[in-house]
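Paired with subunit B in one complex and with subunit C in the other, subunit A is shared by the two complexes that follow.
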Partner chain A sequence: MSEARQSLNRREFFSYLTVGWVAFGAACAGMLSLAFRFSYPNVNFEPEMEFIAGTPDMYEEGVDERYKNGMGVWMVKQEGRLFALSNICTHLGCIPTWLPAELKFKCPCHGSGYYTSGINFEGPAPRPLERYKINLTAEGKIKVDKTKVYRWEKGEWDNPNSFLAV
Partner chain B sequence: MAANGLADKVRATQVWKSIFRHGPPDNARNRAAVVAGNVFLHLHPIKLKKSGVQLGYTWCMGGLTFFIFLALTVSGVLLMFYYRPTAEYAFNDIIALREHVPLGIMREIHRWGAHAMVITTWLHMFRVFMTGSYKPPREFNWGVGVILLVLTLLLSFTGYLLPWDQLAIWAITVGANMAKATPFLGHGGPGAALAQIGDFVLVSDKNDVRFQLLAGRFVGEPALLRFYILHCVFIPLVVGTLIAVHFWRVRKDGGISAPL
Partner chain C sequence: MKELINWIADPIRSFPIACALFYLMMKYYRVVGTKKFLYASLVFIIPVTIWFAADPNFFTILILPDNIPIIILLVLISFLTWFTLYKAAINDARLEEGLGPIEGTPENREKVWSWPNLVYTELFMIIAATSFLIVWAILFKAPLEEPANPTWAPNPAKAPWYFLGLQEMLVYFDPWMAGVVLPGVVVVGLIAIPYIDTNPKGNGYYTIAERPVAMWGFLFGWLVLWIYLIIVGTFLRGPNWTFYGPFEYWDFHKVVADYNVNLSEFLWIKWLNTAMPANMFIRETLGIILTLGYIIFLPPMSAATKYGKMMIEKVGMIRYYIFIVLLLLMMSLPIKMVLRWLFSLKYIIALPELELNL
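Up next, the complex of A and B:
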């Protein structure tokens, strides 16, 4: 009976070395992908993208700021239409202020101005404010869905989901 | 002389000899050993050209940048003892740093130092460019320097949010919207609209690079914590490592370039 081998030969050594490096590389890649996924939390505590904005009869003609803080939406009633206007400036993403005396939205960051309708008319804003999807629920409540936006420059403001006839 | 006698006695102790392996720097060999035998100094060239210490040639801008980086590290660590990165405390803690602690200028040192470091970094790069010091064999170190410039700007950017005032929040909102416009990786960028299978949007505001940066769709408390950790831990570690590489490469590439 031959005696047990004491050492690896060259071929075996490189086999083990290859397996070792592949395992090490895989472990590093696994840890890196874990770290990447770790940077995306499964839960966040931001407001829901869908919310109930009361009933159509609670809105007067003009701009309503009830859902501005928290939901980021101006409810605007104008010319027989009620729509949910985004409060994110289309220039660089600041929050404009509604100036009732001047009937315009004015962004404090770089001075973009928008009419009540959301159409931009001054400052660096390249396009009008966006409008969100708005429906009536079965109970007659207004449901605003911020995951779906309607843009004026794409001709989407006549889409029946972008306003309520009131 | 008595003084020499005492110095010689100290140099002869085991404590001294365990720290400094070389003899007194009274000859060229020992002077080289002083630099080569020290973990901090060994990054530095053993010998300098005369032009390398001429203020008119280097402006000492690289050295000043490093000095300011050290000052920012020290003052920043001190600020961390009083600053809490939460929506409830952050703003008040910054105000309190001015009033509630001795030497209330520590925060101002950190803030103005940050501005100064950006300026000296630019001037350093200007000098390196104008003296042609980016040319081979120093082209790799120019690349390291460009990364260090970007990291310096990122340190300024992440530090900008920490005061948690209106300026901070909206500046970071605007800055993070640049990430939103990244091609393919940001949901407002070119190519994002293509990454769509039927109604299923691959790149949205819930999974793009801006979300990764802010840990949310907008600048909120998770973004504050994320920027705090990037500012105080992550980026400084990378910068420190690259500074070591940068200095070591100056030595390996033949020291500071000389006028022709």
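Up next, the complex of A and C:
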């Protein structure tokens, strides 16, 4: 009686089980990969990481805000050097404001303040603003590359890629 | 008069005043916790509130849609704090006479079924809260602003009202500390309370006299370190997160002389008059020693005092040490705030190379 009803032996049962688990795992992996893909935006409005910032003779001594709202970079000319200063506060990533009358960058979130050079002097910011890689193209235009940052506390601001001598 | 209030409201002065008021309130809770005191303070507070609101600069801040929950919160917190003190004062007077707490009297021990009594109340409260929120949403519209721009931030950029205390905390600490470690400790500490606190006194009734440590410690953390900081963050922080008195116009160009210095810079440049050492750990020795001393050596030292021995006997060694470490972490916030105001101290340990600043 019991043998007649046994249409599935142990080996067959395990092969079915394996197929079942593999299918289940594949379905889960598929769902997970869909969810992972969903977490990435279809359209990215973030500024480009590399851009051409005009020619060196465009800039006067001091802070230039031309590329701040579009690219997130202040072009600063100071003491014979032109550099691209990041506009992300090193405290918690807010966007500081340039105050021309007080000659400082001031963060609206927790009050961190930076000098024109990017060195922090007030508020909770633990380190100076970062500078981006900057160099001249063959046509004599300025290319700013935001994928490479130079940090003051690591002594990288004297790196020849971090500024243009003007 | 308005100038004076603006001057007093600066955290350098208003924080000690808040602490002193808290001390007086807890010390004389039997005076504060009477109906007479409530009526007298209402007679005082209502004209003062109207006078405050009559000022155009303060009124502008007051009626910002974001700030209305904070006004409701302040009214509720003040009333509920008073209510606690009121109930506790009655109970403590009864306990002194040898009577039980008022919640323990036979007529108050009557029990009812949770169905339907509790469930009906809950259902009614859900409906009431929903309709309240609908009316609110109609009255105070959410502002429609320009599309989000990752390279621009509003000024001042304020957190949601319930996080303004946290944002105010971030002014004094590294984000890693004030944004992750301290809130984490707050949450873990609140979860740990039932395990640390095994004292059955105060269960189910209001009392201060029987639970002085719990009441003082918790109410200080809640009222002074959280509610006070929310008030400062809401009403007294304007553009550039600069401090503004309640009657001050939020002038974008207000200049505050502020120059913050790390402890290592104090040590090497100001006191020893030498250059900063190149090795970052040698540079920060003093701060590291002080921090370790605070966290590692203070708890055993406190355990050796008379009070500490008494507590260890009651709750046991492990519970005592967890309690003391949590208390020390909580007190690190006011300590750091006072150091910032008095000495413009930025970080006790400043290791930006390792993203580690305390």
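Just so it is clear, the second predicted complex is superposed on the first by the 144 of 166 C-alpha atoms of A that agree within 3 Å, B and C clash if a C-alpha of one lies under 4 Å from a C-alpha of the other, contacts with A are read in each partner's own complex, and residues count from 1 in each chain.
Rule of thumb we're sticking to: a residue touches a chain if its C-beta (ideal position, glycine included) is under 8 Å from a C-beta of that chain, and two chains touch if they have at least 3 such contacts.
Here the structure is a predicted model, which means the values were calculated and not measured.
J.: With both structures lined up on subunit A, is it a clash or a fit for subunit B and subunit C?
T.: Here the two partners, once superposed via subunit A, clash with each other.
J.: If you stack the two complexes on chain A, which partner ends up touching A:T18: first (subunit B), second (subunit C), both, or neither?
T.: Touch partners of A:T18: none, neither subunit B nor subunit C.
J.: If we overlay the two complexes on their shared chain A, which of subunit B and subunit C does A:T55 touch? Say first, second, both or neither.
T.: In the superposition, A:T55 contacts neither subunit B nor subunit C.
J.: Using the superposition on chain A described above, determine whether A:P126 touches subunit B (first), subunit C (second), both, or neither.
T.: second
J.: Taking the superposition on A as described, I'd like to know which of subunit B and subunit C A:K68 touches: first, second, both or neither.
T.: second
J.: Applying the touch criterion given at the start, work out whether A:L92 contacts subunit B, subunit C, both or neither, answering first, second, both or neither.
T.: Once the two structures are laid over each other on A, A:L92 reaches both partners.
J.: Quick one: name whichever of subunit B and subunit C touches more residues of subunit A.
T.: The larger set of subunit A residues in touch belongs to C.
J.: Once chain A of both complexes is superposed, is A:Y40 in touch with subunit B (first), subunit C (second), both, or neither?
T.: Touch status of A:Y40: first partner only.
J.: Pick one for A:N135: touches subunit B only (first), subunit C only (second), both, or neither.
T.: In the superposed model, A:N135 contacts neither subunit B nor subunit C.
J.: For subunit B, which of the listed stretches 1-9, 37-45, 91-99 or 145-153 runs into subunit C?
T.: Stretch 91-99 of subunit B has C-alpha atoms clashing with subunit C.
J.: Just to be sure I follow: which residues of subunit A are touched by subunit B in one complex and then by subunit C in the other one?
T.: Shared contact residues on subunit A (touching subunit B in one complex, subunit C in the other): 46, 92, 94, 108-109.
J.: Considering only the defined contacts, which subunit C positions touch subunit A in the complex?
T.: These residues of subunit C touch subunit A: 149-157, 167, 170-175, 179, 239-242, 253, 255, 258-260, 346-347, 350, 352-353, 355, 357.
J.: State the interface residues of subunit A toward subunit B in the complex, per the touch definition above.
T.: Checking each residue of subunit A against subunit B gives 39-41, 44, 46, 92-94, 108-109.
J.: Please give the residue numbers of subunit A that touch subunit C in the complex, ascending.
T.: Its residues touching subunit C are 45-47, 68-72, 87, 90-92, 94-95, 97, 99, 101-102, 106-111, 113, 121-124, 126-127, 153-154.
J.: Considering only the defined contacts, which subunit B positions touch subunit A in the complex?
T.: 170, 173-174, 176-177, 180, 207, 211-212, 215-218, 220, 222
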